[in-house]
Each structure stands twice: as structure tokens, then as C-alpha cells.
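In what follows, structures are represented as C-alpha cells.
Two complexes are shown next, each including subunit A; its partner changes from subunit B in the first to subunit C in the second.
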Partner chain A sequence: MEGNIEQINLFLNFGLPFLILMIAYFFGSYIEKRHFRSIRKREAELLDFPVVSFDTMPDDWNVSRSDMVTGSIVISLDYFKRVIAGLRGLIGGRIKTYEPLLERARREALLRMSEEARTQGYDAIFNVRLETSRLANARRDGKGVAGVEMLAFGTAVKFASRFANSE
Partner chain B sequence: MIISNTESIPGRRIVEFYGVVTGNTVRAKHVGRDIMAGLKNIVGGELKGYTELLQDSRKEATDRMTEQAQSMGANAVVNVRFATSSISQGAAELFAYGTAVRVE
Partner chain C sequence: MRFVAKRQKEGVNVSDTHPLVEASTLIVGLAAIFAIIAVALIFVVELALYFVSAEDEANLFGDWLPDDLITVAPNDERLYQTQLLVDRLASHWPGAPYTFRVEIDDSEIANAMALPGGLIIVTQGLLNQVESENELAFVLGHELGHFRNRDHIRALGRGIVLSMFFAVVTGNDAAGIGIKAADITLRGFSRRQETRADEFGLGLVHSEYGHVDESWRLFERWNIDGSSFLDLVTYLSTHPETGDRIADMKRHAELERWPVDGEITDLSW
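Coming up: the complex of A and B.
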């Protein structure tokens, strides 16, 4: 009976966190790979849709209407990578596990903005800006929800006749 | 109402300036959503509940900004910016601001 309780205690103290760590590692990597695949595919589809970060429009754009469009995502790191990042924090240096997270969030936000503009019938976006903000309840000890919000916004324009001014 | 994050409305000429207009909203997290997000936090990835929450909040802040501009007699808001600030654990303020103008 006592042996049983000891075994259960051992499992709760070491086995369970390890199990969660493994689950987090496998599902986290899978979700990340799948997300990158989807991003690459959608970016290829949007290759002919100009998205520029200039604050003034190129002179040859002849515009009939415009509006502001936004795209955003809240994304979080898996538990395994958070633990790795925490360990890395002790010795300092580059935290590789966070880099792909922020990259895919940023690319996803840009894609959502472009997709929104395209479905509304616009032809291009200019003056694109990106903003990053951390969710308020992300606690430093790694508990709580550690999320990052990425916001992309810009001015979408519809061409009256493309490159009409340059002809 | 046309809004833009550039200093002018593309293809239009600004004829009158009314001044800065702002709109804000303070939101607290939802307990149910937070439990789901907590579970999602183990495997990582998008926290859809939060994405929607922030999108709704930002839309409300933008709507309040345009309402204010409308009451001044403007028909466009230019140079719009967004900002986020944490008020306390679990509450955040989102605000949008820009310059109310009249365009031709």
C-alpha cells in the first residue's frame, strides 16, 4: 500500500512533468511545421499581390478607392520550448526557440492582412506597418498564458487603371 | 468614412483638418477562454480565442474613433496608429488614434 503511494508520488513529481514535456515537444514541433507549410503555400499564392512598406505610393499607381486593412494573430510557444528558453535565460545568448515563433506570427499577420484586402477587392497595399505586443497575463515564471500578438496594418488601394500615369 | 494609415487619402485632396481623434477600449480576459488558452499553451500555436478578442477590441476602438470624427463633421481619418497598454494582470487597453480631416 505504502509502496503504491510512493510510486504515485514519484509519477506526479517527475513522470507527469516529463510526460507533458514530451507531449509538448511532439505536438509543438508538428504544429510549427504544419504552420510553416501553410504559410509558404499561401505566400506563393499571393506573389502577384504587391505589399509594400513605402509611406508614399509609387507614382504610377492610379487609385480609385482605398481603406485601411489589418491582420493579426495571437500565438504562443509550446511548453517544451519555453523550458528550453528558460534554461537559455540562465546563461544568456541567442534563444533560438523564440525566433521561429515570432517569424511565423509576423508572416501569418501579413498574410491575413493581404488576404483580407484581396477578398475586399483591393489590388495592392502600401505603408505596411508591423507591431508586436505581449499579452498582459504572460508571467515571468512560465506559468499563465504566454502569448504574443502580432499586428500588421496598411492602406489597401484599388487601381483605377494600373500604371495609367506612366503611359 | 475612409480611414488610412498614411498622411493623405490616396487619390483625394485634404481640404480641412479637424484635429486628433481617439478611440479606446479596455478588455479583460474571459475565464473560459483562458482555461482553453492555458491548455493550448502546452502545445503552442495560435490562441484563436485571444486573436478574436483582440480583433473585436481593435474594431471597437476604431469605431469609436470614427464616431468622434463623424461628430466633428469629418469624412476621413488619416495617419491612424494603434497602441496597446497593459493596465493590470489580465486587462489590456487598446486604442486607436488619427487625424480627422475632410477630403474632396
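Coming up: the complex of A and C.
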């Protein structure tokens, strides 16, 4: 009976957190891989759609109408990423588990903005900016991050005649 | 200006390290660091024990009480009787450097502990569970054994290490695993201390009553009685498995030719 209690203790102390961590990793990485696949596919579809960060329009753009377009995304951290980042926080260094998360957020926000612009019939976006904001805290003690929000915005333009003045 | 369509470059912003590699490096590394710190602190405590004598310790902590201790009323009969019992047992330890003081903590979890300066704390939970003076005498004798070997200082060292770790990693579940690993490492060291304290306590009980009957009856009850499952787990966290423990005590009594049957003294409250 004592042996059983020791084993139960061992499981509760080490096995269970490990199991939860692995389950979180499994779901988190599945979702992440799927998201990256979707991002690459949609980026390929938007390959010929100019999205630039110039704050003034190139001189040769002959524009008939324009509007501000935005794209934003909110992604939650999974338990695995949060725990590993927490460990990283003890000794310092690159928080490697957060990097793909921010990468996904940036590209998804840009994609949503571009897709929106294209749906509205625009031909390009200039003066593109990215903003990020910190959402609610994950824990009641004010520590931890619940997720990341990324906002992309820019000025979408419709050309009077497509690349009329080019070259 | 001409627009040339290009694919997004990938990879610069994301490290190549596989997340599982990152995770295992961090977890194993931190567990190792924690274990090294724990072992280093054990060494420091041993050094302190070498340089600070029990007499110095008794002088330093002679009237010290933990801040968070919630005691029973000072005129409680159980307090008086337990103190008396400790004094009787300690009289069989000639030249003891401590003046032993007993306090009763109002916790319902059965436990007893030895603290610096000769302070013995027993919980109400323990007093509720002992059924004879002999049972209680052994638990108190065991704690006196810790003073004899000065394990209480080692236990304090262990407590300091663990609370230090807790302060560093508050709220991080994975780092919590590191703390548990350190705890288990430290616990390995304390098993031997428990056995030695048991043997010393048994000797005191024998000197006082002329036999060691009912010394381990409390543990036998905990072993059989499923209802004290929780108590058993908390008790296990600092003490050896009760089954082994009883066997060890029986073996020791046989070796020393101490009678295992004798007259049982009822509790005086």
C-alpha cells in the first residue's frame, strides 16, 4: 500500500504535469502547422498584390480611389509555450517558443488586410504599418500574457489604369 | 518603379530549435541547477553545524518561536502533560545541550517537528490520534533524536532551499517540477536521519518505561486505517515509508534486547 502511495505521489508530481505539457504541445503544434500551411497558401495567391511600407505613394501610381484598410488577429498562447517561456524567463535568452507565434500573427494580419483590400477591389496598399498590443493578463496576479494581438493597417489604392505609367 | 512579386522569406524570425528540444534543454538544465544548489546548501549547512555548537544554538534560539505558529491556550492540560513527558524522556539523555520547550500547534494534520533551540511542536491532530502515553512518548523521543543528531538544522536548511526556489519560480508549473526534484534529492538525505531518530527515540522510551511496547502502534494504525490516507501522505513527505519503518524499529528493539511487551500508560487527559 505504501508503494502505491509513493507511485501516486510520483505520478501527481511528475507524470501529470508532463502529460498535460505533452497534450498542450500536441494540440499547439498541430494548430501552428496548420496555420502556417494556410498562411503560405494564401500568400502565394496574393503574390502579385503589392503591399509596401512607403509612407508616400510612388510617383508613377495613378490612383482613382483610396481607403484605409486593416487586418487584425488575436492568437492565444498554448500552455506549452507559456510554460517553456516561463522557464526561459528564469535564465534569460531568446524566447524561442514565442517567435513562431508572433511570426504567424504578423503574416496573418498582413494577409487579412490584403485580402480585405482585394475584396474591395483595390490594387495595392502603401504606408503599411504593424501594431501589437498586450491583451488581458493570463493570471489574476497580473502576470502572464493571455495572447497576442497584431494589427496591420495601410492605405489601399485603386489604380486608374493598372501600372499605367510604369517604365 | 517596378513591382516584382516575391515570396515571403521564411526563417529569419523563427529559431530553428525544435520546441521539444528547447523544452527538454530548459527542464533538464534547470532541474540540474536546482539539484546542484540543493547539494551545495546541504554542504553549507553541514559546515554551519560543524562551527556552531548545539550550546551556541540553544543560546541563540533559546526563546525563539516561529511567527506563523498558532498555539493552543497556555493553560491547556495537554500542553502541560506533554511538556512533562518530554522532560521525563530528556532526563535519560544526560548532558543534553538544550532546554526543551513544547508548543501545540492547532493544525489538524498529525505531525511533530523539532525546531532550533530545543523547540518541539506537536499538532493537535497528533494529540487527537495517539491512544496511549507510550505512543506519544515515542513520537517525542523521535523528535529528541533529531536534536541529538541536529537534524532539525538540516531540515531548516532544506526548508530554506525549497522556499528560495519557490520564490524564484512562483507560478511556473514546469519549474515546480524542478522544485519537486530538488525536494526528492533532499529527502533521500533525510531518510537515514529518520531511522537514526527512531532508534534514539526507542532508546529513550525503553529507559523510561523499561519496554518499547506501543511505540510503533500509531504507525501500524496509519498503515491499516484507510481513513488517515491524507495524513499518511503528508507524513510520508518527510518520513520513511511506514511499513519499512516499523520493521526497522522491531529489528532494532530485538537487537538491543528491549522488551516489546509491557505495561501501557494511559494518557493523563
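Definition applied: the second predicted complex is superposed on the first by the 136 of 167 C-alpha atoms of A that agree within 3 Å, B and C clash if a C-alpha of one lies under 4 Å from a C-alpha of the other, contacts with A are read in each partner's own complex, and residues count from 1 in each chain.
The definition used in the following text is that contacts are C-beta pairs under 8 Å (C-beta built on N, C-alpha and C of every residue); 3 or more make two chains touch, one makes a residue touch a chain.
This is a predicted model, so every value here is computed, not measured.
Asks: Give one of first, second, both or neither to describe whether A:31 is in contact with subunit B, with subunit C, with both, or with none.
Replies: The first partner, subunit B, only.
Asks: Is A:102 contacted by the first partner subunit B, the second partner subunit C, both or neither?
Replies: Only subunit C; A:102 stays clear of subunit B.
Asks: Touching A:161 in the superposition: subunit B (first), subunit C (second), both, neither?
Replies: neither
Asks: With the two complexes superposed on chain A, say which partner A:119 touches: subunit B (first), subunit C (second), both, or neither.
Replies: neither
Asks: Taking the superposition on A as described, I'd like to know which of subunit B and subunit C A:57 touches: first, second, both or neither.
Replies: Only subunit B is touched by A:57; subunit C is not.
Asks: Looking at the overlay, does A:74 come into contact with subunit B only (first), subunit C only (second), both, or neither?
Replies: first
Asks: A:135 in the overlay: touching subunit B, subunit C, both, or neither? Say first, second, both or neither.
Replies: first
Asks: Can you give me the overlap between the subunit B contact set and the subunit C contact set on subunit A?
Replies: 20, 81, 144
Asks: Would you tell me which residues of subunit C are touching subunit A in their complex?
Replies: 1-3, 5-8, 13-15, 17, 19-20, 22-23, 26-27, 29-30, 168-169, 171-177, 180, 223, 229, 232-233, 236-237, 241-244
Asks: Please name which positions on subunit B make contact with subunit A in the complex.
Replies: My answer: residues 2-7, 9-11, 29, 34, 37-38, 40-47, 50-51, 54-55, 58, 80, 82, 84, 86-92.
Asks: Of all residues in subunit A, which touch subunit B in the complex?
Replies: 20, 23-24, 27-28, 31-32, 35, 55-57, 61-68, 70, 72-79, 81, 101, 108, 126-127, 129, 131, 133, 135-137, 144-147, 149, 151, 153-155, 157, 160
Asks: List the residues on subunit A that touch subunit C in their complex, please.
Replies: 1-3, 5-6, 9, 13-14, 17-18, 20-21, 25, 29, 43-44, 47-48, 50, 58, 60, 80-81, 83-84, 86-91, 94, 96-97, 99-100, 102-103, 106-107, 124, 139, 141, 143-144, 163, 166-167
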